[in-house]
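In what comes next, subunit A is part of two complexes: it sits with subunit B in the first one and with subunit C in the second one.
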Partner chain A sequence: MRGLSGKGAIGLFILAAMLAAAVFARWIAPADPNEQDILNGLAAPLSVSESGAFSILGTDRLGQDVLSRIIYGARVSLIVAFGAVGLSAVIGIAAGCVAGFMGRVWQSIILTACDIVLSIPFVLLALALISALGAGLVNVIVAFAMVRWAQFARITYALALENREREWFQSCRAGGIGFGRTMLVHVLPNMSGPLLVVASLELAYAILMESGLSFLGLGVPPEVPSWGGMLQEGRNEMETAWWLTALPGVAIMLAAIGFNFLGDWLRDRLDPGLAQVLR
Partner chain B sequence: MSAPVLRVQGLSIALRGTPLTRDIDFTLAAGCTTAIVGESGCGKSITALAMLNLLRPPLAIRSGRILLDTGGGEQDIATLAPASSAMRDLRGRQIAMIFQDPMTALDPVYTVGNQIAEGLRRHLGLSRQAAMTRAVELLRQVGIAAPEKRVHDYPFQMSGGMRQRVMIAMAIACQPRVLIADEPTTALDVTVQAQILDLLRELQESLGTATLFITHDLGVVAEIADEVIVMYRGTIVERAPVAELLGDPRHPYTQGLLASLPPMDGTRRPLRPIPGQVRPPDADSQGCPFVDRCDRAMAICSEVAPPVVALSATHTATCHALGH
Partner chain C sequence: MLVYIVRRLLLMGVVVAGVMSIIFVLQKLAGDPTLILLPVDANAEAREVLREQLGLNQPMWRQYLVFLGNVATGDLGQSWKFNQPAAAVVMEALPRTVLLAGLALLFGIIVAIPLGIIAAIFRGSWIDTLATAAATIGQAIPVYWLGLLLILIFGAKLHWLPTIGGEGIAALILPTITLGVLTMARIARITRSSMLEVMGQDFIRTVRAKGMSESTVLFKHGLRNAMVPIAVMIGLQLGTLLGGAVIVETVFSYPGVGRLAVNAVYARDFPMVQAVVLVVTVAFSLVNTIVDVICASLNPQIRLA
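Our next item is the complex of A and B:
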């Protein structure tokens, strides 16, 4: 790809690897992530057990293969990340457009709501929401979207203010193009650059949040392997079996870095002026 | 003058109770170009937006009628809801607008062909293919070379003059009865400006559109207009056929405007600016809006609104000094 910087390439590579891991987990993973082998518990990375089983990244207390669990864990992370960011983008962009185009009353209602939502610590709000809704994949997504839509709404609102003063917006109105069509067909594509950047950064945030919530036991059920859940399970063995926490931690970090790098690269590509300023 | 297509009667536009234009009356006739001249802030552009019913709150039409002859009877645009489908059916179909800045008036994410086609499909119900074919014809009509290639260009691939031609193509696409051009040449350099004016004149003659041309440039007015309306602080101060207005201006403001231009014959003399500045609009002005800058102001001027004085069948000026 033309103009792919080192950072962008790294980000893209990490995400491609993660996506491949999630999609082809069944064929890539060396073992069933939930297959227990108590006798072979807490095997160190690159060790061969007495029964002759070789494990690349070791096993946990129940003898479950860490590498396989990390590979399967990518699924949860990606589903939650894209689901949560997708949902918050839909809500936030719609709210931001309403605030920007529908007049003062809507504007103050929505912007005030954004301020309120963003001023509450996320984990606290997520805790409250999930205790009300119950733990689970879908509810993690909903909890994230209930909070982070505000980020999208604010940026969409700012973009709406900018776009509605452009002459082409007036020109659409003057041409008899309906409001809905003007919004969807003309305004939205013109906002897509900055929104994509926000989305990529939100994806990184969503992955961190999913891990955090899973660590607190508010995420997916324990039988579904997830990176945050692995951290939680390995917590007690930190002194004797570092790989149980360090390796999923590295996976979380890489994923977050991947999305961040991708976001930085997108921002530089889509807004060269800003890149110059930052340099 | 041929049949009136659009009649504006007593149009007043207000911003939260402060009137910005008062009692604007004019008529646009098929095949004629009427120019509205005035300095920034005199109400030219909001008058144009009002004709499309596109004023955004808190701007609103306070009184007056905008009667459009749609072919099947007259319709008062001022009474239509701005977002109604009846109003949207008129915009772009019966009344089209050319905007000032060709650099920002085209949507950067679509090809020019797509943008021209959008209106055709919306108003004339053409298929995608038919609309694109028509878009190519329109581009040819506005003088773009190799239109079958250019129709696939994005706006950024075109120069300012070409984009303005595209804007014009979009505006005339559905053969509207009324064309509003809001300073269409202000953002262009002088040679391109002349080409665009020629183009507008040509199209006007071949299509018989009634054109409202908004500008602050008297040179452009001399070039394109049939009738001229001079506005000052939201009121019409003088109107006349173009030759009469430029040759024999009667209102002190029009005289001041013309005196502030360098003479076209090349003689050199100091330019005479109109003293003072345009006052901001206020709610309770009683007298003549120009009284504070007028060199012929009398006592009555600041107390009583000046009468519209008919100087000939086609020439009127709104001034106390001409009334007696």
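Our next item is the complex of A and C:
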């Protein structure tokens, strides 16, 4: 087993920093993210206001502290990303196992369903869903899972085809171990490596999608600090207050790079046979 | 081959039918349209009349069949905001989105393939590191943010290019780059790894040993054999580009179907949203089918699988 590569280390570091920011936001953030101080609005990064307030990354039009909003924004990103990917994984892995182990009828039904949802550009389906159900955190998660379960299902199916030819699988069946138990105790752990890789890459995708929808004003409500929402608000001040546009974007990009690196690193560590499936 | 084409067309039919069903379910989940179409203080009687007119009092299976029939004949409903057939509005905006997506794809290919090849030839050099870093960032950069940065730098600060709106080719440059960057990153990555794989094989050594010039080795034998995964990746980008267009068009106020869809969501104009999704998905699966058939005609392994 190879150790931690540069990529893996960077990925883990970014993920750890994000998790820490999200969990301990109350203690890390220098100010309340929603505390307004209009007189000290649009303060540049590293500036001291007349009242003596120092802000590291500046303030927005309402005088809200940008650094604090970015730290709190990690919450929305992580909740949506883990919620969306978790839901997609549960649905997709279950569907993939059914397709792989329950015979040809199920196989063609599920694979066709995958073809259908993957042929709708995700953003458009999310728009349709949000237009029908309204904006909000839960609906963003549902929209993501509605499409991306298919990605998990396809990979799980490919892994299932491989696993069901293995001797240990045949022994389980021959030994009279029930279907559910075989799946949960024996098959899933054997699939966990490649599925973690997929999950990691999907997390990066989910973070980009959530911030995109928040940027369009279709994600979380504006009073909840989110990176995409901050970009949307900063957009009108772009020429005078660059930090409102630049900084949340850096946060989004770092998060996406972190999860991508983590996925790449995990993929490199897997044995080449499994890495083929993920291509 | 014919069998493959027929099978592929059947699959496309199933996909389109599936998308229509999803849209129908969403339409029903969207709730009572009379709440949006009529003023808040309209009386119950007026609502009932409208519901009857729209066929909302029919049994669900009947509404579904009527919906399928309408879509099949090209009737995608009446836009509530524009007060004209939604299909006509979408078809008017569609060519502009296709143009933008096409330019972005072209931009991606033109930049990515040479970049990937160079990175593969000079593996491990600074140019490889640079190309890999560019591809990494290109894959992780939020498109709308990139768009805003480009507007800020080339529009607001340098005044080289129009920022938002505008006419002609100059107005297309920034949206094209913005939309094309992700595509470029993905194609560059796959070009690099595919070239590395091919160039390491025995037949390349044989060609070199025969004394062929390096450019023959590289392009005639190397690139040609590396092209299959690259072509597949290019085909996969179409969906990403159409989805990305939604956001890029909004950032640049570019009048394509994406901006149409976003504005329709703001205006709670569900028929318009549904028309965009249906038209884009059908166009997308049509293109996908064509790409698959072309791939299969080039590579027998695919059609026999």
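Quick note on the criterion: the second predicted complex is superposed on the first by the 269 of 279 C-alpha atoms of A that agree within 3 Å, B and C clash if a C-alpha of one lies under 4 Å from a C-alpha of the other, contacts with A are read in each partner's own complex, and residues count from 1 in each chain.
The definition used in the following text is that a residue touches a chain if its C-beta (ideal position, glycine included) is under 8 Å from a C-beta of that chain, and two chains touch if they have at least 3 such contacts.
No experiment lies behind these values; they were computed from the predicted model shown.
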Practice item. Have a look at where A:N163 lands relative to subunit B and subunit C in the superposition and call it first, second, both or neither. Key: neither
Check your understanding: Which partner does A:S55 reach: the first (subunit B), the second (subunit C), both, or neither?
Key -> neither
Check your understanding: After lining up the shared chain so the two structures overlap, which partner does A:H186 touch, if you call subunit B first and subunit C second: first, second, both or neither?
Key -> first
Exercise for review: Could you tell me if A:N139 is touching subunit B, subunit C, both of them or neither one (first, second, both, neither)?
Suggested key: neither
Review point. With the two structures laid over each other on chain A, which partner does A:Q151 touch: subunit B (first), subunit C (second), both, or neither?
Key: neither
Practice item. Tell me which partner A:Q64 touches in the superposition: subunit B (first), subunit C (second), both or neither. Key: neither
Check your understanding: Who does A:G176 touch here: subunit B (first), subunit C (second), both, or neither?
Key -> first
Practice item. Mind telling me which of the two, subunit B or subunit C, contacts the most residues of subunit A? Key: C
Practice item. May I ask you to decide whether A:R235 touches subunit B, subunit C, both, or neither, giving the answer as first, second, both or neither? Key: second
Revision key, fill the gap. On subunit A, the footprints of subunit B and subunit C overlap at residues none
Exercise for review: Would you mind writing out the residues of subunit C in touch with subunit A in their complex?
Suggested key: 11, 14-15, 18-19, 22-23, 26-27, 29-31, 136-137, 139-145, 148-149, 151-152, 156, 239-240, 242-244, 246-247, 250, 258, 261-262, 264-266, 268, 270, 273-274, 276-277, 280-281, 284-285, 288
Exercise for review: Spell out the part of subunit B that touches subunit A in their complex, as residue ranges.
Suggested key: 52, 54, 57, 83, 85, 88-93, 96-97, 99-101, 104-110, 118-119, 122-123, 167, 170
Point to revise | Complex contacts: residues of subunit A adjacent to subunit B | key: 103, 166-168, 170-179, 186, 189-190
**Study point:** Complex contact set, residues of subunit A against subunit C
**Key:** 112-113, 115-125, 127-133, 204, 208, 211-212, 215-218, 228, 231, 235, 238-239, 242, 245-246, 249, 252-253, 256-257, 260
